[in-house]
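Structures given as structure tokens follow.
The same chain A turns up in both complexes below, where it pairs with chain B and then with chain C.
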Partner chain A sequence: MNYSVRSATVRFGSTLALDDVTVEVPAGSVVAVVGGDGAGKSTLLRALAGEVRLESGTVEAPPRQRLGYLPASSGSWAALTVTQNIDFVAGIYGLAGDELTARRAELLDRASLTPAAGRLAAQLSGGMRRKLGFVMAIVHRPSLLILDEPSTGVDPVSRIDLWRLVSEAAASGTAVLMSTTYLDEAERAAHLVVLDSGRVLVQGSYDQVRAGFPGVVTQTSEPVREEWAWRRGRLRHEYWPGADPPPGAILAEPDLQDILIALSLARRHMVPS
Partner chain B sequence: MTGVLLHAEHVTRRFGRFKAVDDVSMQVQPGEVVGLLGANGAGKTTLIRMLLGLIAATSGRVELLGGPPDRQRRRRLGYVPQGLGLYGDLTVRENLTFSARAYGAAEPLLPSALTRYAGVLIRDVPLGAQRQVAFLAALAHSPDVLVLDEPTSGVDVLAGASLWDTIRAQAEHGAGILVTTHYMQEAQQCDRLLLMADGRLVAEGSEADIVGSTTAVAVRTDNWAQAFAALDRAGAPVMLEGRAIRVANTDPAELAEVLKAAGIEASLQKVPATIEERMLILARGAKAS
Partner chain C sequence: MIVKEFRELVRDRRTVAMLIAMPLLLLVIFGYAANFYVSSVRAAVVGPQASRAAALLPSYFDVTLTDRSGDEAYAETLLRDSKVDVAFVTGRTPVLALVNGSNLFAAQSTVAALNKAGREVTTQVLFNPRLKTSWVMVPAIIGLILTFIGTIITSIGLVREREAGTLEQLAVMPIRPSQVILGKIAPYFLVAALDMVIVTVLGIALFGVPFRGNPFAFALGAGMFLFVVLGIGVFISTVSQTAGQAIQTAFFFLLPQILLSGMIFPLAAMAAGVRWIGYLLPLTYFTMISQGIMLRGAPITALWLPFVVLAGMAVVVFTGATLRFRRDLAPGNPASPPREQQTAAEAVNTA
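Presenting the complex of A and B:
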């Protein structure tokens, strides 16, 4: 089953939060949305979750009871223990008795939260709290899982734990749409979507995005056009959208960070078509 | 500017019986950007608090700008903590005025991207813009040493690129910069890396030096979902990378056996681990011991 948002436009007052965005989330895949503050990541996720009204466009998503959603805020109740948090959410979906006990034990184990089962959510580290939020979002085995920045501010060990949990969900057939500010997570996703001021800058697998990147990137200590250059360590990288660098320039193999900076610069410097 | 800017020599810090920092020696020279890596609890923050003179070392020697980290020397320091250290109920302009006066410096000019926020309370300004304000506040007095905690985390790529422009310009003017981070993207911007685990300095140098001999196995197969499930059941630390599977710090022969038993055909390739996988393995090792 493929879920999707098609030609979606969302406006908050005079702000165009999403501008004609189409994203598909196939079963068994992780789709990662990247972009900065105000790019429209949360709005896209909330549109698929049915939490914002579209001005135009369509949403294809499962019914509420087949949907799991981890909001950008913690997603758990501070005054409840880890177990109480899980049981409360499970209860909403009608999960109880032995079935709940077994499911809870399995998820706590996979999230390495078993030793913390009796702790109040308020006493968990940031990483543990995000893992608890994740567990609460998948306790009812949703067919679509929406995760709003599950790893922001999380330490690297918990971040790898989280990615493993996300991988497991996808491997068992769940469609996963997640937002992230970390490009390595986007590279690891089967499909990545780059949003910039409400519009899709580029999307596809990392290989497709690399292959479809127009122009070339050069590396130098003295860029020719300051407004097309950025730092990478001690050197600068410079973008040539027309693939016309000066003779003798040293070409760089652009990574995802280079590609995103180059495309963002192009969007700002060029007259919109 | 010459001389070592930040210097720790065999520094240890205990909290009760817990050794938060254990016999660490390191330095930061003028003009270099040094990355300090490590998982939570590795001792990064404690080390920095000693270098800044906020807490004393239990043993060993700490020097800031060639002497003890006292008030006079701390005036020549710029620090941007992860929480940014701004006042949420003051405006952008008021925050900058306050920090400039505290350091006796001239108030910095707002770059054009920030002018529209001048009269807005910090708590109402987007995070990326808040980060830029924290930088302006920390740089207004032209510090000789900059300490930055995950300076570009959560910032979009263009704003991140412009922050690195600022950081690099400071280094080119002779400042020494210590960046604490968890992330590859930031580590790759540094000249030199230090890796801490369990209070100790365990590796130092380039990205390759940090990863050392740690490897991962890349598993490619048409049956990726089944392969993932089989390896996961066998207790291997599996992760997805697109449609490929990555397993850190494991013998490919063992994985091949698991996959064969599950009747899955796959190609296995030994590849260098990432910095994060190295941190994960160190953290797991520390917990086990």
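Presenting the complex of A and C:
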């Protein structure tokens, strides 16, 4: 089952949050949404979750019973213990008794949260709390899982744990749509959606995005056009949308960060991609 | 730093409102409402010489009823039902003046005025014979506690859910907005009801406050009042993003209730321009009910007006606030799962 947002336009007052955005989320795969602040990532996720009204467009989403959602906030109740948080959400989805006990134990074990089962959510570290939020989002085995920046502010080890949980959910057939600010995470997704100012700059697999990237990127210590350059380590990278760098320029192999920045610059300078 | 602080201040509308509106409010309240002196009381004169006695009374007594056939029992009924503050029973020497002790400040000034009449009048204070302040304050304090829990605690509880982002999570779960609202409000309703019982029992035990009326009528009035204040709490939560904002806003609702509901300053002593504010406040009507039932044993028929007003307020405020909260909870039409192939137009139409 594929879920999707098609030709979605969302407006908050005079701000165009999403502009004719189409994204498909196939079952059993992870779709990652990347983009800068205010790009429209959360709005896209919330549109699929039915949390924002579309000005135009359609949403294909499962019924609420089959939807799992982790908001950008902690996603858990601070004054409840880990177990109480899971049980509360599970109860809403109709899980109870032995089925709940078994599911809770399985998820706590997979998220390495078993030793913290009796602790208040407020007493958990940031990474543990996000993992708890994730566990709460998948406790009912949703067919569509929406994760709003699940790993933001999480330490590298917990990020690995979280990504493993996301991969396992997808492997079990769940369609996963997640936003992230970590491009290395996005590169691992089956499908990438790069958003900028509410519009899709590019989407596809990582390889497709790279293959379809127009123009070239050069590396230098002194860029020719400051407005097309950005810092990468000790050097600067510079984008040439028309693939016309000056003779002798050193070409760089653009990674996702380069692609994202280059396409955003192109959009700002109104160069058709 | 100073410029930065002013810029921040100007953008914080609630603080600006507190800085400007609160001093004005306090000035108006303490200028026009802070008055313990009652210049006139409602009076009834009954018995065979009712008309003649009424004509002899000084202007302090605003005679609203004369009845030549009325007796002492009838006079007591008039006081119990709060039709008048003092009732004179003629046809005996000296004339008997029955005073409604549940209306404390009116009673105090009436007793002082009657004392000047010397032996011509026998004064008897009913419902609060020793004119104890605690007897009239405890029924009002019950209302204040309900207001505090209903307004501040409820709004903080709801806003905390919004602050933590868990409200957003609840909104996408298969749980109806009405269930979320009920689940959030029911605990506060029960805690407030428990608090009410504790304060009432303690008031009776510690201060000897009587409970002369029907407990079920009292519970009914308290229940309706709770719906009003819980509705105010829910409303505050819909206009606040943080607990601090909720407390600030609740303060605007609480202060007038404390000062203008007749709990501290008698409504009759307030300037007419301020008194009408008191008549817009739910605590005014709950105090009428609680004092009427506890101190005077007034039946529900005698308190129909505050009951009807509170019922109206409960329906309007609670319904309006919960609808507003529901709107916040369900911006994207979650009321119609499953949402297969739902278009934006359908979402708008079914919202």
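As a convention for this text, the second predicted complex is superposed on the first by the 270 of 273 C-alpha atoms of A that agree within 3 Å, B and C clash if a C-alpha of one lies under 4 Å from a C-alpha of the other, contacts with A are read in each partner's own complex, and residues count from 1 in each chain.
Throughout what follows, contacts are C-beta pairs under 8 Å (C-beta built on N, C-alpha and C of every residue); 3 or more make two chains touch, one makes a residue touch a chain.
Computed from a predicted structure; not experimentally measured.
Colleague: Would you sort A:Q257 into first (chain B), second (chain C), both or neither based on which partner it touches?
Modeller: In the superposition, A:Q257 touches chain B alone.
Colleague: Using the superposition on chain A described above, determine whether A:P156 touches chain B (first), chain C (second), both, or neither.
Modeller: Only chain B is touched by A:P156; chain C is not.
Colleague: I want to verify the contact counts: of chain B and chain C, which reaches more residues of chain A?
Modeller: B
Colleague: Pick one for A:A78: touches chain B only (first), chain C only (second), both, or neither.
Modeller: second
Colleague: What is the contact status of A:A32 with respect to chain B (first) and chain C (second): first, second, both, or neither?
Modeller: It touches nothing on chain B or chain C.
Colleague: Once the shared chain is lined up, is A:A190 touching chain B (first), chain C (second), both, or neither of them?
Modeller: first
Colleague: For A:Y206, using the defined touch cut-off, is the partner it touches chain B, chain C, both, or neither? Pick first, second, both or neither.
Modeller: first
Colleague: Please report the chain A residues shared by its interface with chain B and its interface with chain C.
Modeller: Residues common to the chain A contacts of chain C and of chain B do not exist here, since the sets are disjoint.
Colleague: Across the complex, what residues on chain A touch chain C?
Modeller: 8, 46-47, 49-65, 67, 69-78, 89, 92-93
Colleague: Quick check on the complex: what are the chain C residues that touch chain A?
Modeller: Its residues touching chain A are 164-166, 168-169, 171-175, 331-334, 337-344, 347-348, 351.
Colleague: Please name which positions on chain A make contact with chain B in the complex.
Modeller: My answer: residues 28, 30, 35-39, 125, 127, 152-153, 155-160, 163-164, 166-168, 170-173, 181-184, 187-190, 205-207, 230-234, 257, 260-261, 264-265, 268.
Colleague: Going by the contact rule set out above, which residues of chain B touch chain A in the complex?
Modeller: Spelled out, the residues of chain B in touch with chain A are 39-40, 126-129, 153-159, 161, 164-165, 168, 182-185, 188-191, 224-225, 228-229, 232, 237-243, 274, 276-277, 279-280, 283-284.
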